[in-house]
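Before I ask anything, let me first share the structure, which is written out below as structure tokens.
Labels for the chains are A, B, C and D, by order of writing; each one numbers its residues from 1.
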């Protein structure tokens, strides 16, 4: 069935076979090789749409190969491989199957040439990923998983509604750039917005990611949001609204990231902020900005993944990711610390790391277009990223106060995965040309100008200084065991209490009404029984006289009628 | 980074990260801070030797990135404190419907001590 | 054998099987074998007809004239053929499943059960092949009566009460409304024949159309349109095979099938959309979808939850009719198939859980997934199909219903379908999730539980597989459904 | 031979049972009398089939008693309507008699059985006479013959239950009052027209036009017949009479007596007084129609609460008579068709059901519903017959009850009388309740411990199932009954139209 071929199929087929591969080394190897097979399918293909066919009058294209889909496909595949390596120790078939399905769906979505295929894989990512949360097997993760699932599937159904409207409006379902304006496109944007964690649509991330298993969170951090960024780049490049959304997105999670105690949640907030950069890039929409967004997505897959891996390794060895319980881990987990610092440097956009070469594309794009305030806001967001993730996170985990934890260094699989990811971050930073060559638009850009390198170093150094100073004085908000309320409060607390209230009200009204109706019915039945029951006047055996009376009565009645 | 130095036992010397021991003491912190001050001064000085250029006028301000970073840090710290004051709740605020208050299940972990 | 004879055969086999069943009542193995063979034979006949219908044949036969002008006759058209194929096709796995279930659960009076089951299938096929509304009504009532003993099977007070509710609502609606609607139709048009494009146009004052439609919509109580849905949850006291085949497929689908048929062949889609007579029905169906879903969330009893889910899903099909476009009819008809596979699998799983673990409450299912992985895996697949997620069958029918809503510019209906999907997630997915991922509170009691008998498992797997296969082979079904005539045939 | 008999069939129809009755009494022992009565009833049945076949195409047979031409002589006039009723009466008799063998043997002492069969034959003769005669006064005579026989038949239940005597007494009083009213009414018609031949009456009344005497006559006939056919609220004699009469009698009476009375009513209203007689139309619509609707509900509700199966069925009969009266008081062709077709349908159904009750009494010794728990297991065929009959009573398709309901509702819809259509349906829902109450008890309740019940004997089961079979057969294929009823209705209306036009 060559016409049904897409890289996703390799993953899905592989996922179905996972239970039959013996656990341990063989299965680990198997999981590592699947992404390789996936890449082989599309690598080297000339751009174009493959495997197109007609389904019920709709033009389905399972595989569209162009630079944009290829770079995301490649990044996803690589990340899937690294994640598999990271999860080498894992013996949970459910998570392994879910991982493959999840990665496959994400890659399938990236290569989808039409909206239906996109929808199919879009939902695929939602369903497959929730198992990574549920696999934690606790009450809390069950509830978080349910919330995550409802929102993710919600995104999917909004997408399909948008597609329906779009199909109705345009008569086609091919997935190309759209103009925001009709209900169809607004709906599609909303669907993407949920997965992309636009402000106020973002809560699922902070709710679900820290609720997953050790390896699950790493995998979750890779695909869903970047898929959404891809969809924005494909569907809504140059949509001005996205610039403002992106700016808001980049800025507001910073405060939460500074307050959070759970390091995995800190990372989700910082991920959310980084996504803001990409959304701005999509919104600016110039070839450079698109390149920037794509590059930043790729770079952030790896450095954010690296950070999640490091925190995951800590959790794996200590049983907690709470900042309040950690600290001083550099003693026993120095390698993890080093890799974490590489990730931190990347997100801080330190020169010669991947963050530097990707973020500067977006900032430059804003700069070329003279979008001063956007530029300024992004700069502020960068500063925030340096502060909360570049400095605070490693500080709380590895330095800070000694929590007297002396865990063992992370296991080999994790270390190797982190090492490779860290190497990638640095390689991209040192040799940006390789990344740039893969970007969708052909734009010349040189990140390592003298000015640019120096100012970025200035920024990082001064912020670090400020941080060191503030830490010495205890000026930063303290990490405490706490819950920081976010917008999810509205549906986790407000909405349920409204529903409870309504339910109580409706229940009372219903009770009252049904009691009323029931008593009326009872009365009716009683009255009927009184009249028609065995002893009732209608059923009773009347004496002959009474019968005759009845005859006389009827006769009288009809006779009256006679003389009318 | 105070009060933890006494926890450093002889045993820690054998740990793989022993190279950095002392960095989390008050003295270590001071050293790091001064090192940073030195770096900052150097980087600021570069600017006066080789003039830099950016996209906007504001970048021409002396050591713009330096003071901008510090200002943003201050603003963020204040803002975060305000947010924290308003939105911080008990860890078990959402009860059993959240993972916040529960421990990570042991089967998913391999908690091993370094000295074990 | 001619198609006409095959048609009669398809009804006659299940209708005559009861005699054999009664004969072998004392020999359970032979009796159950008869059931299975009869189901296969029926399906073979139906399948043969299906192929003929795909080739364009429209077999018709008039049996006799019951009253002057009122003919007991059959005629096959694509919609009825579809329903017959689904009902008779799913009878095979269900009859296998019944063997496992009835024996596993040690139910009494299995012969009576098998007899009534066969009659119900005969009635369902009869409904599917009815050539006119009058014939359809006859089989509709036969179906009601023949399923009453099945609902009351356990003979406990609850069973009796449930069966009473079942009978009362179905009878009341069918006699009070449907029969009146039928006679009205006969009165004004002088025919009850199903005709492409409808028979009413030009015979009835457009202002009265909504009322006639109301008589039909509420009269077809089997479609479980709110507020006449109570019988469906009440019928859940029946043994699970009944809930699975009859109250997820044959009976309820007979209801919505009748809605589709009435909408397409009595009113005519064009007439409905021209007069706007179905607007109120559309809103009612939408409300029914949402309210039933919300009620489902509050139910802890597994079968009750599935029953309310059925109520909600049936309204999808009614909605398809009420949207009054070709795509609505296509979506509704498609939903008959897709929902059948999903819901029968869910009910069979519920039955398997009951047989294997004697659990009926959702809150008791924690940790059972480890003991019964196949059952719960299939449950998950079926649930995803019901929700309407790819790559499972339910996604397509929802797609066409949405298309229909978009065609008629009813954005709110699209919203309703979206919200309904989410509500489906909320009430269906926690069940397997709890079973797989939460720990049981009483591990000791669950220690001995293992998968249900093979006779139960195989049909479940078959139905779940169906959900996947239909997703990928939907093109054929769609092409087939386009054959449903929407416009009046041009007169020669 | 046939050629010799054939012209005299109308006379033979009545004469055979009438003459046979005294002979039957002389036969003494039960068995012989039963055989004799059965043969006679079979013969009358054959004759009525022949008559029906002759009139089915619309032919009207006019037979002049003793060769005297009407209006002086007595005319037996057979058209499709009364051929149809004849068929019902003689057919019921022919089927009830085989059934009566075991049933009567259990309920009446052997030495009295010959008398019983004599009364039975007399009753048959009377009912046939009422139906076939074309002479108004003759109707009264035969009506009294049949009524008197009926009183005796009801009273013969006294060996089983003494209350049968009071029931029969009440019936006697009421029946007599009815007969009196009826005969006075006929007298008034005679005083206006000077003739007793119905066809002649019709012509002369049309010539004469409306008058208060005519009105009085009409009212008295209406009430007189109303009493006989148990029109609500003149039905008070019926439940007890039906409940306490021997089972076979109840089955026979339920199938025939009230139906013949309805026939008389139809005949007088539409043939004699004419379809377009305005006062009659007003009375029907203002008095009979509301009473019919009340009957449908009130009697059904009473039936719901009854514990005795026979009483329950009796009240159900009152309700069903409501349907018949409703049909004719709608005063359109479909309505009258509905009434006529329901005559037959209800006769078949109710006979079957009362026979079932008789089987229960025979085998289980009781007709109390609460004592029939679990009877479905012990007496499967009898109970199944009840279910089939019950479904017909409810009016489900594939039973005759459905056919009646179809026409009745169609008639109301033709007039645009919505609420009435819905009321008809609603009252059939009440039938579901009282039927299903029995079904539930019989099938879903465990039999009380220690009770053993055998299936009823074949001699009772077969006639019962023949009636059930008929009620299904004519429900599946109603062409014969519906066509006959339709033709009868159109004949009734058609004839009066012609008469009143000039």
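By our rule, a residue touches a chain if its C-beta (ideal position, glycine included) is under 8 Å from a C-beta of that chain, and two chains touch if they have at least 3 such contacts.
Please read these numbers as outputs of a predicted model, since none were measured by experiment.
Between the chains A-B lie more C-beta contact pairs than between any other two chains.
Rounded to whole angstrom units, the spacing between the C-alpha centres of chain A and chain B is 27. Distance between chain A and chain C, defined via averaged C-alpha coordinates, is recorded as 37 Å. For the pair chain B and chain C, the distance between C-alpha centroids works out to 63 Å. A straight line joining the Cα centres of chain B and chain D is 103 Å long. In chain D, no residue touches two or more other chains.
With touch defined as above, residues shared between interfaces to two or more other chains in chain A number as follows: 135-137, 139, 141. Pairs of chains that satisfy the touch definition comprise A-B, A-C, A-D, C-D. By the touch criterion stated above, chain A contacts chain C in their complex at residues 55-56, 94, 119-120, 123-124, 126-127, 134-137, 139, 141-142, 145-146, 149-150, 153-154, 156-158, 160-161, 164-165, 167-168, 183.
Those residues of chain C that touch chain D in the shared complex are 64-68, 70, 72, 137-138, 141-142, 145, 149, 152, 155, 159-160, 163-164, 167-168, 171-172, 175-176, 179-180, 183-184, 186-187.
Across the complex, chain D is touched by residues 528-529, 531-534, 536, 538-539, 541-542, 544, 546-548, 550-551, 554-555, 557-559, 561-563 of chain A. Remark: chain A residues 89, 135-141, 143-144, 207, 210-211, 213-214, 254-256, 258-259, 262, 315-321, 327-328, 330-335, 337, 364, 367-368, 370, 372, 375-376, 379-380, 383-384, 386-387, 399-402, 404, 406-409, 411, 450-451, 454-472, 475-477, 480-486, 492-493 touch chain B in the complex. For chain C in complex with chain A, the touching residues are 384, 387-391, 395, 398-399, 402-403, 405-407, 411, 414-415, 417-418, 421-422, 425-426, 429-430, 433-434, 436-439, 474-475, 478-479.
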